[in-house]
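To start, the structure under review is shown below, and the notes come after it.
Each chain carries a letter (A, B and C) given by its place in the written order, and its residues are counted from 1.
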Amino acid sequence: MTAKGKKGFARAKELYQDRSQRAKELKAEGKKVMGYFCLYPVLELFTAFDIVPYRILGDMGEPITKADSCLPTIVCPFIRSALDLGLKGKYDFFDGVVMCHSCEVGEKAAHIWRIYMDPSYYHFLDTPHTVHEPAQQQFKGQLEDFQKTLEALTGKKLSAGKLKDAVDICNQQRVLVRELYDLRKSDPPLISGTEIIEVMVALMSIPVNEGNALLKQIIDEARGRTDGPQKKPHRLLLWGTVIDNTALVEMIENAGANVVMDDTCVGSRAYFPMVEPTENPLDGLSRRYLVDIKCPRTFREAVYGDPKKHYIKDLEHRFGYLKDYAREWNADGVILQSVRYCDIHGYDTPGLSDYLNHIGLPNIYIEHDYSEGALAPLRTRVQGFLELIG
Amino acid sequence: MHEVFRDHPIREGSLIYFAGIDLGSTMTKVVIVDRDGKTLSSLVGPTGAEHRRLANKVMADALMRADLSFDQVSYVVATGYGRINIPFADRQITELTCHAKGISSLFPGVRTAIDIGGQDAKGLKIRNGKLIDFVMNDRCAAGTGRFLDVLVGTLGLRIDELGEISLRATHKLPISSTCTVFAQMEIMAWLSQGTPLPDIVAGLHDAIANRVGKMVKKLKIEPEVVFTGGVAKNIGVVNALQEYLGLKVSVPAEPLLTGALGAALLGKELTLKAMAEGKPIHEKELRLAESTFFHTENH
Amino acid sequence: MSEEKKKKAMNRLKTMYPLRANIDQAYERSVEATKAGKPTAWSMVNWWEADPILKAMDIEIVYPENYGAVCAAIGSAQKYLDRSDAEGFPTHMCGYARNCIGYTAEMTELGHIPSDAPMGGMSNPILLLSSGALCDARIKWFQSLGRYLDAPVWTVELPHPGVEESQMPGVREKSIQFMVKELRELVAFLERLTGRKMDWAKLEEITDDLIEINRIWYEINEFRKVRPCPMHSRDFWSCMNASLYPAGDPKVSLKLYRDMYDEVKDRVANKIGAVENEKYRMVFGELPPWHALKIFDELAERGWNFVVESWAYHAPKPIDYAKISDPLERVATQTYQWLTGYFPDALKEKEYMGYFAYPYLEWARTYQCDGALFHPLLTCRTATNHLILAQDRLLNKLHVPSLIAEGDIVDLKLFDYADTMRKAVVLEEMMDHYKKVRQEEGFEW
C-alpha cells in the first residue's frame, strides 16, 4: 500500500521533508485530495468518501512574503505562514479545502483563503465555542451539512455503514498513536520528541489507512531499536500551540532533556480522544471533536451552570489531564510554548501555570515567532529552566 | 604551533584553579578562582565577531595575569550567549545560573537580581544562593545596553559619560517610547528644541529602568536587590531603577564580572564534588589555543 | 474668527446632545447602583443577546471593554496594563483585556475598588458573562480572571457560519434555536444565581423597545446615503451606546432616537449637510482615536464628511419580528440578524467575509463614498485583520482608495495625528483620481 522504498521512521522522515509527495501520487491515480485546517474538519467524513485528507500546515523555514498582502502581521504567524504557502501555490494540488472556526484568526484566514484562492470545493465548519448538549447538537448539524456538500461533490450518498467503517479506521489510528506514545514512557524513551513530530506530520499528509500501516512499522522498529534517544537529565512535557516543525523540539532536546510527552495539535491533542461508536455515527463524532479535543479555543467549565466557582476545581477540570500525562510519562517539567499573538493559548497560560505550580510541576512559558531562525534566544531560557529544576 | 594541553589528574592537596568565561554579546569576561573561591585574576575584553579567537585571547591574558598556565586550571565553565562557541570549556551553564551564583557569593542575602547587558536584560529570583525563577527580555533591544549604545550616537556623547551627565538634570524628560527607533526620533525632536542634554539623558535612563523594572516585577521583587551587567556601571540608571522599584539597589564593584565569577565558582563546586565522590572530573580532553595567535601576541 | 470657522465646519445634530447626556447619566447611575450593592454582572458587549435578559432580572451590567476605553481616554490605563504584564499575561493580548486583568488583580489585592480607579471603578461582580461574538478574547478573558474573582463565568453562544454555508437549508433556523436553548439555560442559571425569577413580561417589553430602537437607529443611518450627508460619524459615535450597550432606559432612548430621526429627516428635506461643502464622502473603519477627535474637525474643514462607519457598531438590517412570539427567540434572531444580515448580498458578490469586510463594500457603493479612513487597533486583532482585505476590495472592485492610520485601543500614543493629516492630503489626490476612474467606468458616483 505505502510507496515502495523506505519504511518506518525513514519513511516518516521522508514524508516530513516532502509532505505532498504521496498525496500527489494518489491524486495522479485519480483520488481527490482535500486540505483541511485545524482539527475540527472530521477525518472520518473524508475517509468515508475515500478522499485523501491533508492537513494544512505552515513552514517555519519559509519567510512569509505573500500573506502580508491580505492579513496583517500582528496575527498568529502559523496561520499567516499557512496562508502564505497557499498563496504561493504550494497547495495547488488540493481538490478542495475544508476550513473551520478554529479561532478568530483561523476563521478570517479561511474566508480570505476562499476569496483569494477560490478552491473548486470549499466548506466552512462553524465549531461552537462551548461543549454543552445544545452546542453538540449544533455541531452535529454542521457535520450533516458538511456531509451533504461532500455528497453533492462526489455524487455519492453516504451510508451509515461506510461512516462507521471510517470511524473504525480512524480509531485504529488513535490506538496506534497511543501505542507509539507509550514507547516514550521508558527512560530513555524509545522515540525522541523530534521523531514524533516527523511521524505526526507524516500521518497528516497521507490517507488514514496508509498512516496505520506506517505506524505499525514504526512501532515495531522502535521496539527493537538500539539507536534510540540517549538518557538525559530531564523529561519534559510540552504544551501549547501547533508545532509542525522539528526545530523547536530539537533545540529543547539539545539543551539536556528528552521531550517525552506533548499536548499540541500535531501530537496527542489530535489523536488521543477516541470516537465512541453511536447508532448515528455523527453523535459520537460531534462529541469527540467538539468536547474531547482539548484546545483552548473552546470554553469549558467544571460544572455547567454552577452558580459557585472554585478556582482550583476549574483548573483541575480544564487541565487535569496534564497531571495524568506528567505522571504516566514521568515528566519533571513542563514547557508552555506559544506562537506570538495566539490569544487562546495566551489567556490560558497564567492559569495553567497556577495549576502546575499547585501540583508542584515546574514550568516555564516561552513565546516564539514561528520561525526557525528566531529560536536561538529561547535556548538560554530553556537551558536556564533545566538548570533551575536541578 | 604551540598547543597547550591540560594535563591531569589532580592530586589531593595540589593547587587547583577554576575559570569562568562569560562570552556576552559585546564583552567577554574571564574570572579565575582558587580552591577557596578567591578571585586570582579577572579580565574583560571585547567579544567581536570572531568569538573563538577572542575568547582564547581573553582567557590567555587572564591566565597570564594570574601567572598560571592552562594546564593548572582544573575546570572551565563557559556561560553567556556565546557559551557554545568556547571549545576549551568543560561545560556550558547559562548566564542565568552563573549570575545567580556569582551575585550570591558577593551578596549572600540577595533575593532579586537585575542584569542589563549589551543585548539582553534579565531578572533573577534567588533564594539561599539558588536560582528559583527568572525573566528575560524579548527579542528587541529596548531596555538593554544596546538602547543606550544607539542613542548616545544621536546625542553625540560617550557611553561612559551618561551617568554623570544625567545627575545634572533639572527635570527629566519623559521619553514615551522604549522602542529604540522611535526614541531616537523623540530625542531628535527634543534636541531641535534646545532641550538640555542632561534632561534628555535622564529621561532615557528612566525609560530603561521602567522597561526593565516592569519586566522584573513578574518575579514579585523582594530585597535585597542587586543590579549587574554593563549598564549597572551607569549611576543614572541605578538611580532610576531605585526610584522605579522604590527599593535600594546594590551594585557590585565589578558589575560585569558576576557571570564569569559564578561560572568559575560553579566549576569549583562541580570539581570538588566529583573529587569527593571519586568520580572522573573531565569527560573530554580540552585544549586552549588552536592557533599560534596567543603566543605571538602575548610574548 | 478661526474658532468660529471651526465650529461651522462640522454641523452637529442638536438631538445628539440630550441622547449623549442620557448615556452619560446612565453610566453614572450604574456606578452608583453597583456601589450601593446592587447585584452586578461584568459583561462583554453582546449585541443585545444577553443584555435584555439581565435587565429584565434587574441585574446591573458593567462592560469592562467600555471601561478599558474610559481608562485609556483619561490616561489611566498604563498602570493596569503593566500590572497585567507583571501577572504573566502575554503583552500582545487585547489592550482592553489587559486593562481589566490589571484592574482586577489590583482590586483583589486591595480588597476593594482602587481609590484612584477612573470614573468610580468597577464593583465586584456576581457573574462574568462572556460572549462568543466576534473575537477570542471575549470568551477567554473572563475565565482568566478566575485567579482573582470568585464569580462564575457563563459564555453566551453565537454561531459564526460561513457566508455560503449560512444559506444552506435550515442553518438559520437551527442556529437561532441553538441560541434560544442556550439563552433558556442562561435564564435558569441566573435564577439559581440570584434567587430571583425572570420577569417575562418585562423581558418582552425591553426586547420590543430594543428592536424598535435599532430599527429607528438603522433608519436614521439610512438617511446618511443622501447628498449632502446630514449626519457625521461623530454624532454616530456619540449616540451609539444607547443602542449598542444599551445604555439608559430604553423608553427614554427610544424617544430621543425618534427626535433624532425627525431632525435628520428635516436636514435631508432642507439639504443641510453635516459638514459645509461636502467634498469627500468617507467611510471610517473601526473605532476612532477617542483622544484625537478634533482631527475630524480639521478634515471637515477640507470637506471630508464621514458618512458611515464600522459594521460592528451598527444596528442589524431590520426584519419582521412580529411573527416571533417567544421573547428569547426575538432576542436571538436580532443578534443573529446583526451578524449575518449582509450574508445574502455578500454571497451574490462572492465576498466570503460576510461581516466586517463585506459591509464596507456595500456601504461604499450605497453611500457613494470617495474614500475610506481605516484606524486599525493594534492589540485588537478583530478590528484589524479584515482591513487589508477591505482595502483591496474597495480599491479593486469599486475604485475607492483608502488610508490606514494605525492606532490602538489603549495605547493612544500609537496614533500619529500629524502623520495622518499628511497622508490625508495624499488620499485627497487619490480620491480625485479614482473619482475620474469610476466615472470613466460607468459607476454611479
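The working rule: a residue touches a chain if its C-beta (ideal position, glycine included) is under 8 Å from a C-beta of that chain, and two chains touch if they have at least 3 such contacts.
Quantities reported herein were computed from a predicted structural model and do not represent experimental measurements.
**Q** Weigh B-C against A-B on C-beta contact pairs and write down the one with more.
**A** When A-B is set beside B-C, the one with more contacts is A-B.
**Q** Which chain's mean C-alpha position is nearest the mean C-alpha position of the whole protein set?
**A** Checking distances from each chain centre to the full centroid gives A.
**Q** Which chain's mean C-alpha position is the greatest distance from chain B's?
**A** C
**Q** Distance from the CA centroid of chain A to that of chain C, rounded to the nearest Å?
**A** 35
**Q** Counting only Cα atoms for the centres, state how far chain B is from chain C in Å.
**A** Result: the chain centres lie 51 Å from each other.
**Q** Using mean C-alpha positions as chain centres, tell me how far chain A is from chain B in Å, no decimals.
**A** Once rounded, the distance between the two centres reads 41 Å.
**Q** What residues in chain C touch two or more of the other chains?
**A** Residues 87-88.
**Q** Got the chain A residues that touch at least 2 other chains?
**A** 367
**Q** Please name which positions on chain B make contact with chain A in the complex.
**A** Residues of chain B touching chain A: 81, 92-97, 120, 131-134, 136, 138-139.
**Q** Help me check something: in the complex, which residues belonging to chain A touch chain B?
**A** Going by the criterion above, the answer is residues 367, 369, 374, 377, 380-381, 383-384, 387-388.
**Q** Write out the stretch or stretches of chain A touching chain C in their complex.
**A** Interface residues on chain A, with respect to chain C: 69-72, 74-75, 99, 101, 103-105, 107-108, 110-112, 114-115, 122-124, 126, 128-130, 132, 134-135, 137-138, 141, 145, 148, 296-297, 299, 301, 304-309, 311, 314-315, 338, 340-341, 343-344, 346-351, 353-354, 365, 367.
**Q** What does chain C use to touch chain A in their complex?
**A** Residue positions touching the partner: 87-90, 92-94, 97, 130, 132, 134-137, 139-141, 143-144, 146-147, 150-153, 155, 157, 159-165, 168, 170-171, 174-175, 178, 181-182, 185, 188-189, 192-193, 350-354, 356-357, 376, 378-379, 381-382, 384-389, 392.
**Q** Flag every residue of chain C that touches chain B in the complex, lowest number first.
**A** Listed in rising order, the residues of chain C that touch chain B are 82, 85-88, 413.
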